[in-house]
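In order of appearance the chains are A, B and C, and numbering begins at 1 in each one.
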Amino acid sequence: MTSSGLTATQSTDALIDVQNLRVTFTTPAGLARAVDTVSFRIAPGETVGMVGESGCGKTVTGLSLLRLIEPPGRIDPSSKIFFEGRDLLTLSERDIRRVRGRRIAMVFQEPMTALNPVFTVGDQIAEVVRVHERAPRRAAWHRAVEMLERVGIASPAERAKQYPHQLSGGMRQRVLIGMALVMRPALLIADEPTTALDVTVQAQILELLRELQRDFGMAVLLITHDLGVIAETASRVLVMYGGEIVEATSVERLFANPQHPYTEGLLAAMPRVDDARERLTVIPGTVPPPTAWPSGCRFRDRCPYAWERAEREHPELYAVEPEHAARCFLVLEPERRALAAEPRA
Amino acid sequence: MRRTLGAIVIAFLVATLSFVLVHAAPGAPFAALREDPRVTPEMADRIRAQYGLDRPLGDQYLLYMGRLVRGDFGESFQQRRPVRAVLADALPKTLLLMGTAIVVAFALGVLLGAVQAYRRGSRFDAAMGHLSLTLASIPEYLLAIALLALFAYRFPLFPTGGMADAVLSRFNSPLQHARDVAWHLVLPATTLVLIIGAVVARYQRAALLDVLPEDFVRTARAKGVSPRRVLFVHALRNAMLPTVTLVGLVFPALFGGAVFVESVYSWPGMGRTIVDALLARDYPLIVGSVFVGSLFVVAGGLIADLAAAVADPRTRTA
Amino acid sequence: MARPTPLAYDLLAASRLDPPPGDVAAGTALLVKTVWRHGTARAGVSLILALLLVALLAPWLAPYDPAAQLDIIALKNQAPSMAHPFGTDVYGRDVLSRMIYGTRVSLSVAMLAMLLSTFIGTAYGLTAALGGRAVDMVLMRGVDALLSIPRILLLLGVVALWGTLSVGALIVVIGLSGWFGAARLVRTQVLTLRERDFVTAARGLGAGTVRVAVRHILPHVASPVLVAATFGVGAALVIEAGLSFLGFGVAEPQASWGSILRDGREFLVSAWWLTFIPGAALVITVLGFNVIADRLRDIASGRHLLRP
């Protein structure tokens, strides 16, 4: 494998090393910069949460790691995604297929629609094995049944012969997880795996994911809009806004000492058990369309602190501490926080 | 089942419509009977009695419906034998022509549509898109004439019409006869295949493009399945269900096409029987063949619907 | 065309322009311009306009009387020549003149029949959708039944029993047999529209059912109906020619493309032009209507924005 850049190499301890990921979509309204210079690493066995509102680029980031972006979407050629020593973006179509489902797997948000309605769930899991191992039909089926059992489905041999519409939402999500893990991938991308489910089922699925991660030792990128889910499962967090990472730190620090006003807003909007407030705070305004990010800081229109520098200049990710960075001028000028005595909203 | 009930309603409507049309036509029904040289006086009396023409319209209607239910359509003026016998000869021949055409057209159309969808945006896709639009715009009778002129007259590769060689068929063994019929079937069936296949291909391509943005297609891709397998297995299995339903919906039009094709190639099926009956003003045969033809069409649609339901696990097991 | 990802779909939906309500003239102008910008559709429109002109100017364009049997012996089935560019038929009539007059009959029958079908279909569909559950069920069952009978059988049944038809009767008969699809389409459209906000708002302001139907719902049904009607002209053209071809169309010596086709049927090999010329005219014209309809459908669904 030749690395195309001189400086761009994979850091030694990371399982996946995403460098300057940019994804654009050509639309009638102009070029949409859905993901903009996103960089992060995930260590083997680590669980990283990625959080943000819908439309912030989380899902597109997840799809990019498997190169599942299709026209009119496009991953910028300057982006790098190093995984197990190779840049995924320079692999041939054949080679990236050998990564998908085998080394990196993905679980999608909608268990109702993510399964093919005309094939049995057993067939759909067995297909992964057959695609990657050229395993005989019987052996692949056997592995599928085993996997169904592993993800907590009762009487798996019978269930395997059923079609998706015969299973409940929670069971379908278990099937999808089984399908993702049947090849024991090194990285699992879970895109809102519990959003579409009932609250009680949500907890069960999260518990299952945690348990499987422990047993299989895989790394997980958990994409969600729910900080509560992050708090329960992840060790590190990436907060995304406007196609960019706006804050990156450990879960503990994020909850204890958020630096970006957007993170603050997310935390304030989070319901808590010990909450005495009458109403939840919401972040005012909406995410601007990705074809027209505001100049300077992309959050400035919704930010209670924004001052004129945010209009003029685009903030970088500034280090707060060695393992904590935020894309906000407040890191550089913390005294400004006090100036905005009474934040809006 | 609701569809079966619908079919009965349709049969009833068609029967009533035929009755109304025959009676609303200028001049009394069978007014020309007396002058018709093919109709003997005894036959005319028999017909008048059969239809109860001397009785009130309400009675006539009941009489007529009762006979239809029993499958008694009277006697053909032209052929001097029961309409039922004429139709029993013609129906299997239409079934052979349409059945062959639909099966081949469906297979080819689905394949072409899928390949087009797989190579969407390519030059091949565009060329096939234009070809299928052109074929779908050509009336059956024109295509039939064109193929006839080309492959029966200009290059005499195939017979010009009929279902079997009139002379040879008397001496042929069953196997030779089957081969002879297949030989006669080529041009009429090809005419229908080209037109139906074009429609199916256009529809299949569109149905596939509708299915491709579905979540389960993305799941398949994320599993490491090749693009070819994604399209021809995952997407196609889903996108074929609406195409089967389509065949049911366009079945009436297909039958209409068969009427013309049979007429051009003198294929002795339902279509030709109907046209001949109309040209000859053979009333019993007109009513009988239009009625049975409609039932045939309704049954065809019903079968396509059933096939779609059986092919879809959601309706099969739910 | 590669499939747009969900994100791109949302952007497309947001950028699609709904026609400004009420401003029919501006909407129509925009529509015509959008159709015209498309090369194939432009060819289709030009062809149809040219044919309409031919139909209109038939008496001045035709070199001979279309029914005149010029010289039954010398001019029987003469191949195309300078004097008779499209040749002559078995009765020694000039095929070019017959084609020109035939354009008149074929086009007017097809277009007027389509207008009749569209009118009946729209009224029927509206009634079914807005007339309440019971009315809807009865009306749509009827349409389903009629849709399952081959159109040509319906027509043959009528035509054969009545004998030869005048052009006016032919229009009525073809129009009456072609509205079932339009009725179904309008009904489905209206049913989805009925629940939309602006209809509810109009209801809330006290507008009656008929007023809501005509002022608020009809304009939004217009575009799918326009697409269906444009396809419908082609279908009517084919049906008319088909009836004539089988011998049940316009009466001799009147010419339509179908009747010229029928006159040539016996001479497929010896007088190919009798089949080729009306056949080609028919196919090209049907294609012309179909490419326009195709383009209109793309516009109605917003797909033209993807591929300018």
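By definition in this document, a contact is a pair of C-beta atoms (placed from the backbone, for glycine too) under 8 Å apart; a residue touches a chain by one contact, two chains touch by 3 or more.
In this text the structure is predicted, and so the values were computed from the model without any measurement.
> Return the chain whose centre of C-alpha atoms lies at maximal distance from the corresponding centre of subunit B.
Of all chains, A has its centre farthest from that of subunit B.
> Look at the interfaces A-B and B-C and say which one is made up of more C-beta pairs in contact.
Higher contact count goes to B-C.
> Measuring from the mean C-alpha position of subunit A to the mean C-alpha position of subunit C, what distance in angstrom results?
53
> Please report how many Å separate the Cα centroid of subunit A from that of subunit B, as a whole number.
54
> Express in whole angstrom the distance between the two chain centres, defined as the mean CA positions of subunit B and subunit C.
The mean C-alpha positions of subunit B and subunit C differ by 23 Å.
> By residue number and range, which residues of subunit C touch two or more other chains?
2-5
> Please output the residue numbers of subunit A that touch at least 2 other chains, ranges allowed.
None at all.
> Quick check: in the complex, which residue numbers of subunit B touch subunit C?
Against subunit C, subunit B makes touches at 6, 9-10, 13-14, 17-18, 21-22, 24-26, 120-121, 133-134, 136-139, 141-142, 145-146, 148-149, 153-154, 209, 212-213, 251-253, 255-256, 259-260, 263, 274-275, 278-279, 281, 286, 290, 293-294, 297-298, 301.
> Which residues of subunit A touch subunit B in their complex?
Touching subunit B: residues 63, 66, 68, 93, 97-102, 105-106, 108, 110, 113-119, 127-128, 131-132, 163, 165-166, 176, 179 of subunit A.
> Please give the residue numbers of subunit C that touch subunit B in the complex, ascending.
1-6, 9, 141-142, 144-153, 156-163, 234, 238, 241-242, 245-248, 261, 265, 268-269, 272, 275, 279, 282-283, 286-287, 290-291, 294
> Using the touch definition from the top, list the residues of subunit B that touch subunit A in their complex.
The touching residues are 214-216, 218-227, 229, 234, 237-238, 241, 312-314, 317-318.
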